[in-house]
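In structure tokens below, several structures.
Each of the two complexes below includes subunit A, the first together with subunit B, the second together with subunit C.
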Partner chain A sequence: MTNQPINESINQLLYALELADNALIIGHRISEWCGHGPVLEQDIALTNTALDHLGQARSFYQFAANIFNALPADQKANFFSSPVLQNKIAAGENIDEDDLAYLRDGWDFRNVLLVEQPNKDWAFTVIRSFFYDVYNFYFYTELQKSKVAELAAIAEKSLKEVTYHLRWSSEWVIRLGDGTEESHERMQTAVNERWAFTGELFQMSEADKVMLAEGIGIDLNAIKPLWQQRVAEVLQEATITMPASTWMQEGGKEGRHSEHLGYILAELQFMQRAYPNMEW
Partner chain B sequence: MTVHSFQEHFDEKIDNEVSIEPRDWMPDDYRKTLIRQISQHAHSEIVGMLPEGNWITRAPSLRRKAVLLAKVQDEGGHGLYLYSAAETLGITRDEMIEQLHSGKAKYSSIFNYPTLTWADMGAIGWLVDGAAIMNQVPLCRTSYGPYARAMVRVCKEESFHQRQGFEIMMTLANGTDVQKKLAQDALNRWWWPSIMMFGPPDDDSPNTAQSMRWRIKRFTNDELRQKFIDVTVEQAKLIGLTVPDPDLKWNEETGHYDYGKINWDEFWNVVKGNGPCNKERLETRRKAWEEGKWVRDAALAYAEKRKARKEKATLAA
Partner chain C sequence: MQLINKNLYGDYGDKEQAGGSNDGAKHNTASEWPLWEVFIRSKAGLDHKHAGSLHAADAEMAIENARDVYTRRMEGVSIWVVESRYIHASDPGESASMYEPANDKIYRHPTFYDLPDELKHM
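Entry: the complex of A and B
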């Protein structure tokens, strides 16, 4: 790490945070279902999925924390806007996965807007997962080839989980779309309303571009047609109409989020905020 | 065989510790008692997901969050095996859920207490799961085969839950002043409800004698309660917490701890529905079930459509 140019380290750090934040936030949303699912088997399946996403988030945060801790002091000082993190860094402490998850404010979170959208009902939850799982499936497939061995290893491990997630969400899109009149209508509404959040998945941030050039990250433009094809196939089987709208919401990858993220963080970070600097 | 000889055959099996299996003849009351007990146990797992689920989104570290998610997921799994075990007695899961929602079936009253702080995740694991293990280990040898086998799996996971709960408490008890305060506060609130989990005292437990005779139960409520207290008081001492019972005292003669008077009035009130969270817990379960109806209907409709299409395809081929 010490021989690495600083810019590359910073871009790797930002890249890892994009991946970690996506995983943490969708895992958080899915975990909100725990104990409230429509049928016991699905309650268990969703809790398991939440656990997978959380595990992926932890791997990427640990990777990110290592990169961060190896940066020169002047680079670290104001890297994150959170005063609590800045104090820690000023005191010469290393940061860890929990500091990254619990002490940053929304503007330092780099997840896409899609994952922070509320659960609403089973159809909205399923379609959010489906759009994200298709993306994840192709993303991790490619990331396995990353020049950075740790990223490739996380991708390989995650891909097994994501393959299952994708099967689960595809099946539910089809079941609801081709189920009853009510479920069809609900699924169509959910697809229409969440569609505007899918464009951002393929928007290349500055870190994405640098990582692609370095052979560390992947080309989102290359997986976009694969995503489109898979989504079209599943929606067709589900008898759901693809939305015609092309206007897309974005900003999450730059730290400009929807109002929802603030509430997620208020809940997620409550303990560390109310009882700072303790071991749990 | 006459009913009389069926009965003799059943009694013989019970006396010889031969397990009773779903196809075996069994007395109606044995069947009813088991349905009541197993479904109550399954409901306790499912309702029990709520007070802990309450803290998943607020867990203080990612590791604790992962462990808690896994634990609550296990509870869902326990509910599933137990519902399946009860179904072998001729009742459907939907019927059991209906009984839970109508208030006809009960679940463990402990889950009608609120989880107010993170330390409650420790206290529940340590005390509630600890008490559950005391109750459940003997059930691994209970006379009804499917129940006994379900309990073997459940007990393995419960002992892991108990350890992680104790570990949360130990971390808090070894932590800062406010963390110690959180731990002690949780013990204060969960101690009495936990020891009530073993049920009413033996002289006020109408079902115990028959259940012991049928070898569904192996120890009385008071025996199990005493065992739990003896073990748990020592664990509390180990981590420097005080059990909130001024009458608690080691008795050299009996080799057990003497303990103070349990507030059975509170116990019966919580059973009757007057606990702090009875209404919320049931409302939450009912809401999940009602809001999930369209999802279950869709899954069923889709499965039927698929089956019909397959049959049509087979006929055409």
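Entry: the complex of A and C
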């Protein structure tokens, strides 16, 4: 790590944070269903899935923390804006996965806007997962070829989980879309409402571009047609019309988030912020 | 007078009636998913064993729900599901005539053989 150019380390760090934040935030959103699922079996299914995402987030945060800790002190000092994290770094302490999840402010989160969108109803929850799962499936498939062994290993392990997530969410899209009049309408509404958040998945951030050039990251433009095809197939089977709109939301990968992320972090981070280093 | 009392698994219990009973008066069968019985094989070569039951809209969902409910702690390598209403059960009211006659037939147990010490797992 030490003889690596600093720039590459930083881009690798940002890249890992993109992946980790996506996993953490969608995992948190899905975990909000815990105890509120429509039936016990689906409550457990969603909670399992939330934990899968959380496990993936942990792996990427650990990877990111190692890169961060190896950076020169002057690079670390103001890398994250939150004072509590800066104080820790100024005191010469290493940071870990928990610090990255609990002590960063919203603008340092690099997840896509899709994953922070509210659960609303079952259709909205399912379609958010579906759009993300399809992306994740192709993303991890490609990431298995990463030059960085740790990333490739995380991808290989995660792909098994994501394959199941995709099966689950695809079936629910079809079940609701091709179900009753009401379920069809709700699913179509959810698809229409969430469609504008799908474009950002394939926008290459600066870190994405550098990592692709280094053979570490993957080409999002290459998986886009695969995503489109799979989504079109499932929506067709679900008798859902694919939205024609091409205008897309963006900003999450650069730290510009919707208002929802603040509320998520308030809930997610409250205990560690109010009672630093608490354990339970 | 009803001569043959047909007992289905779902006739006992309360919620189990969702998919298993004709008694639609007490339960809204149309809006509840049917009940399924889940059988899990814990490892290759062993039998599938009854693990419990769950609700699901169809067989595919039942297998997925079984995966999520019953194999979270590495309990299984294979899952069978069958809709509970297809399981026919013996009548608890007839237990006396069905099972008690076996009570005094102790000679049916293979416990009267002297086994050599070297023989394990018997």
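Keep in mind that, in the parts below, the second predicted complex is superposed on the first by the 276 of 280 C-alpha atoms of A that agree within 3 Å, B and C clash if a C-alpha of one lies under 4 Å from a C-alpha of the other, contacts with A are read in each partner's own complex, and residues count from 1 in each chain.
In the analysis below, contacts are C-beta pairs under 8 Å (C-beta built on N, C-alpha and C of every residue); 3 or more make two chains touch, one makes a residue touch a chain.
The structure presented is a predicted model; accordingly, all values stated were derived computationally and were not measured.
Residue contacts after overlaying the shared chain place A:58 against subunit B, while subunit C stays out of touching range. In the superposition on chain A, A:272 contacts subunit B only, with no contact to subunit C. Once chain A of one complex is fitted onto chain A of the other, the partner contacts of A:89 are absent, as it touches neither subunit B nor subunit C. In the superposed model, A:175 lies in contact with both subunit B and subunit C. Contacts of A:98 after superposition on the shared chain: subunit B is touched, whereas subunit C is not.
In the superposition on chain A, A:48 contacts both subunit B and subunit C.
Look at A:39: by the touch rule set out above, it reaches both subunit B and subunit C. By the touch criterion defined above, A:28 lies against subunit B but remains apart from subunit C after alignment on the C-alpha atoms of chain A.
In the superposed three-chain model, the partner touching more residues of subunit A is B, compared with the other of subunit B and subunit C.
When the two structures are aligned on the shared chain, A:121 is found in touch with subunit B, with no touch to subunit C.
In the superposition on chain A, the residues of subunit A contacting both subunit B and subunit C are 39-42, 44, 48, 175. Every residue of subunit A that touches subunit C in the complex is listed here, in rising order: 39-42, 44-45, 48, 164, 167-168, 171, 175.
Residues of subunit A that touch subunit B in their complex: 24, 28, 31-32, 34-44, 47-48, 50-51, 54-55, 57-58, 61, 97-98, 101-102, 121-122, 174-176, 178-180, 182-183, 186, 267-268, 270-272, 275, 278-280. Subunit B makes touch with subunit A in their complex at residues 46, 49-50, 53, 56-66, 69-70, 72-73, 76-77, 79-80, 83, 118, 168, 171, 175-176, 178-179, 284, 287-289, 291-299, 301-302, 305. If you check the complex, the residues on subunit C that touch subunit A are 33, 54-57, 60-61, 64-65, 67-69, 72.
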